[in-house]
């Protein structure tokens, strides 16, 4: 048996799946919000989330990642992406890789092959995380209500990703467009974030996309 | 000392209060004292008083770098209770409680000890287990305590949100009915006046900057105003204990952290007991002036600035509004911070030290005020005899080496 | 009565918008733009409250935050009551309902006032301490009556309908105050392109420029204000916050601003709006342009309604078009206060006289007053005022300010308004919140900010720079400096021209001497809210209270809702004089947040009610809801506690659930357990170091239970860890310990053993875990999985991969119930689908969902511990009778080993975990019950231990418990006793803690 | 609320993101079993608890999850430097650093 257990966790057939915000039934809320809402929310569900750990100062590791993903290993607070794949710096030895759902094992294997001989960790965390996209002119205000991190464009340009405190818990904020932001949320907290975001965006109007 | 009484007050009113005596002298330090107490807070002044009163040792000086009662005595939330879990602490705090119960008369100064009851709320099943354990231990130790269910809590504490749909519903509470609050400044002033009357020298605005030693024993203290000799020295300098130990040449198993508190504007009485919650983390009582007195948490870093971080105030206020939603429109007047010396087991150090004849009384963490009379009483006995009082003995520094800790963390409910 | 005291013209109020309001039940009218105080004065309301201690009638003194008396109760409904609103800061709105906070039956005829007159002389400071001591038991009774007099306003008794929130702000320059200096600073900083926040506590920007008689560039000052605001509004990086008080200056340039968004609209917020918002600001630079407060002089009966600050009179006349009287006498020690008399005179009202404490004042304003024919009495001051409910006269006498003596009998001047000015106190509160002690300046007779490490600039009045032109220049320069220091290019610009004036120095005067001496003179109030008099301060120093903090605490000086904004400097001056020292020798008390009071709800923000704190749910939560679960809080998680069927209580439900597990099969949601994925060549070595037991030989495919200790040898977490590949482990932790354990592993890896090649990643949320437990679990699982469940192929303490319900799963054969058990782990997105398939297949086995309570019972029957329930931070593995789980001979001295070997940890009579079997099988030992050896010992009793877990129900048919007993492991078969609160005693036998199936025959099948 | 420069994220962040973990540079004895009770107790519990310059361990829990060291004045609360695990402080009490010096520039870099 190999040193690491790589495990395909997606069913081969059609199995029922529920995203972390399943219980909120977002689909039923589409079109129910205010016209010209200041904030539009959408859950990007069932993506492949992988935690990647390795020595960021090791050239070999960086080139292995480059080779496996075609992405340059991002430095502190950076988010790089190509197509449906994004790679985000989380810490000096930790990155979050998001790929289309179903590709987790394939990508993990690619990384392991490329980094053969290096000490790394790849962990599928897809069941425990989700990506919330917030879009619109008032997202910045909603973020300002929620985090003590400075989300002014001068400090938070597109392509930045920051782990920080958000309300009374923690998450990662990513800025992917002028008025587009993403929150990486943990499954068990998803109801809290859902309630929080509804509350914080109420005065600007919240629209749901699904 | 002229005794205070209602008649005296009337007599003074006739002379437009122009003839009141000084509460204490401003003495010139003697060359040598039998005992020098470093630190003129509640504990130090109580120590001096009991040395004079119970042990006949009146050649005593209390040396205070600022003004009497100006440290944690001046900035705590004045809660008094004795319902501690472990035998060692319960006995010590209950000793204090019994002294509280006659203190105003003993020192002829109204410390306004108000036994209005202290509630500790339970929000989880484990809270209930811990409370049951503590109340049972208290009872068998002779400390009063009851465990109430939710309905009883709701009946006894009006406006407390006891509904099921809160984040952490209230499942019950312990109540120590003999617990309550006292007027903090009056404790310091009362002990000071009584100690002064027995001949103790209270030396303010004088800072101890070193300890003079001979053959491993202390023989006096160096101050910014000169040397003062002493046969024994007791250090009671909450918030500065680590620094004093350093001057004496050793370290202590404690760290000094900011502890914050706040008051509302004065409002008409609405809370007539002391209510503490561990799970939502806040506690509240109301002063006789009408201020809601609210304790906040401890900052996790070392800090001597008598101030902490603002989020702690926010969290505390969230807890208070969660417990008492009707208070949401009341306004917070003032916040402040003290410095608490905290030991790893949340219990004090009352102990001999590596320096002979030098004794330390410190590490009370967030719980010092309630112990004031008991702490002073057993420390005085220890200083008088040169051997630790039996109630103080378990609180030796040695426990941090041999492992005989008295871990009140698990059961102290809110750390007050 | 309709606004009798409203001037026919002038002010910034909108006379076309009449607003109705009530005060103490009477209806009045005011105008849009009025403050409540202005509207009350316009209607001739003199008495707004009764004083705290003496119950004396009190009127409005000031026009802003410093007001000590006009503290009112607001609110039209019970739920919208607001206590202690300063009428001077409350904008008038239509329908406002205000009442006085003290006074019975009402403020005009107050019974307590009579008591105050009779008993007042018996109430010097500290009188509480000197009496009410006897008899001993009576304090609680005395206190009951004392408390009746407590407080100002009252709390609402219904829940707040409003909401509050936070806004986190970051800026280059935060400017506090929008008077001339603040506005100039904002212009300078804004033009540089910096991110600027300008906050002001008032309804509109402008500060003193809103009521000044000065002109800028020859035009009314307010015109300049309007043009500056327009320019700032056009700057994208400038945020303007009116109605926003900067209340706290915290470390590292973090400041809090309390913005009142809707208090000017009504007593509660319009639907969908937050009432207050706290801005949590991190500023690179702070410009403090907080200005100065005018100081009143302290003279006899200075609290009679109709005694006002000189500057407040100008504000009411010029800003609100209200004249709070007809005939004014002004008492001053400075030039600036002459403006009040000039404004009064310009409004066509009578200035009876100005008493100036100075010998020969000749400043421009003084000359202007002289030129207008106003009578000026020099070397004079008002030494007392007259009147019961309103001022009827002022006694003006010649005084010697140095000798502190009255030098002439003086004369009584008829008047209905007294203006008073003792100079100005820079508002140094914010500058001092971080402990920087203010510094006294003799030239301005005030404290200015001392040095502080904060990155801040002080401009204008706070620096004692009072002349308008100087304040503008100081502000602009400060704004440039702040922006430059924050990394922006300096800007230039021209400032409006001001009229130059000759201003003379003021003379030091705080308490005005009285011919009777302080103790016998009419009461000279220093702090009106707390009824602190000059005599009280003298008494305090006489009794030995010599420190400024002592004086404050003994007299209550500055303890009010105004925190002594008017009184503190006067109090210091009186104490200093009475002790023969100077004011700077006396020093100031500490300044602490808040500058002005802040609503609790605003400090709490949105973090209350349903979003007070995160609630964590598992992927199966909605199934639990559908199946009627009751929940238990475990950390932030909601875990099913039990699943009652109709008519069942906890006890009967748990009994049923337990039986179902022992007899057939039960289902538990174990997803909340912490799970950590550990990978790396040194993973095993790391486990060896953090667990008490050995991991070197754990084969791939196997799982093992482990205990974790702190360095002191006390147990802090436990769980099963499985080896999924040579260098790959899945660790489980307790539910509450998950985050703590991960942090613990990282701590040791990062700080102690960075050379070990291992990584840790939390997978708690990723895997959903369903535990099937009971003799039929194998049969049930077999129906939904392709894994070979044969007992030899899949033995106890191993794990397998395969499909469960068509979804890839890792199945662990471990047991916390003592029954044959399988823990099925699937990627959480698929958990609900898998669960439903298991439930469907489980119908024929009476598959029974069970919660934490049943889990606790079943594990206790097996003697399995729950960390945190059976341990309390003072139990080591030996105490728990778990020496089997301790690898004392492991080569590396793992965390906890050395601690366990300390002297006290090796005692034989330590409390040890044992089973407890009540001698009467029907009796139940309460969890937390204490144990003694001799039930007849009198209190205090010697306790030998306590009950940690106890259950009335047992598969074997008797109640049983686990507990700790001193030396208990050597006392098997002995009896201990538990004295109960009701006087009864429960006798129990010390037994093994394994009650059920000690050989493990049920789980190893 | 403190503003702390995380040496890994390279930015100043609010204190809320961090967890203070006590005095820094307290190394676990290499051979615990040879320690006396007194030595072991000293390692576990006894701290400098200094007034003034203090080196302490912080964890960027909400950010990069890295532990790092902070040199902070415990009286003024000023942070004089932050540095990674394994590095030594540049500012120490012996250097008599003025309590009011600003050792971190606007970008939070050590200067």
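Chains here go by letter, A, B, C and D, matching the order in which they are written, and residues are numbered from 1 within each.
By definition in this document, a contact is a pair of C-beta atoms (placed from the backbone, for glycine too) under 8 Å apart; a residue touches a chain by one contact, two chains touch by 3 or more.
A quick note: this is a predicted structure, and the numbers were derived from the prediction, not measured.
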Note: chains that touch subunit A and subunit D both are C
Please identify which chain has its centre, taken as the mean of its CA atoms, farthest from the centre of subunit B. A
Could you give the separation in Å between the centres of subunit B and subunit C, each centre being the mean of its C-alpha atoms? 22
Averaged over CA atoms, how far is the centre of subunit A from the centre of subunit B? Could you give it in whole Å? 50
Rounded to the nearest Å, the gap between Cα centres of subunit C and subunit D is 27
CA centre of subunit A versus CA centre of subunit C: separation in Å? 34
Quick check on subunit B: which residues sit in contact with 2+ other chains? 305, 309-310, 401-403
Check each residue of subunit D and list the ones that touch at least two other chains. 1-2, 14, 16, 19, 37, 40-41, 44, 61, 65-66, 76-77
What are the residues of subunit C that contact at least two other chains? 250-251, 254, 280, 282, 607, 610, 613, 615, 712, 899, 902-903
Touching pairs of chains, all of them, please. A-C, A-D, B-C, B-D, C-D
Residues of subunit D touching subunit A in the complex: 1, 8-11, 13-14, 16-17, 61-66
Per the contact definition, I'd like the list of subunit D residues that touch subunit B in the complex. 1-2, 15-16, 19-20, 22-23, 37-38, 40-42, 44-51, 54, 56, 72, 74-77
Give every residue of subunit C touching subunit D within the complex, in rising order. 250-254, 280, 282, 284, 451, 453, 455, 486-487, 711-712, 743, 746-747, 750-752, 754, 893, 897-899, 901-903
Tell me, which parts of subunit C touch subunit A in their complex? 165-170, 195, 272-274, 280, 282, 606-607, 610-611, 613-619, 621-622, 637, 677, 679-681, 700, 724-728, 757, 759, 761-768, 801, 803, 805-808, 810, 826-834, 836
Per the touch rule, the subunit D residues reaching subunit C in their complex are 1-3, 14, 19, 21, 27-28, 31-33, 35, 37, 40-41, 43-44, 57, 59, 61, 65-67, 76-79, 85-86, 99-100, 102, 106
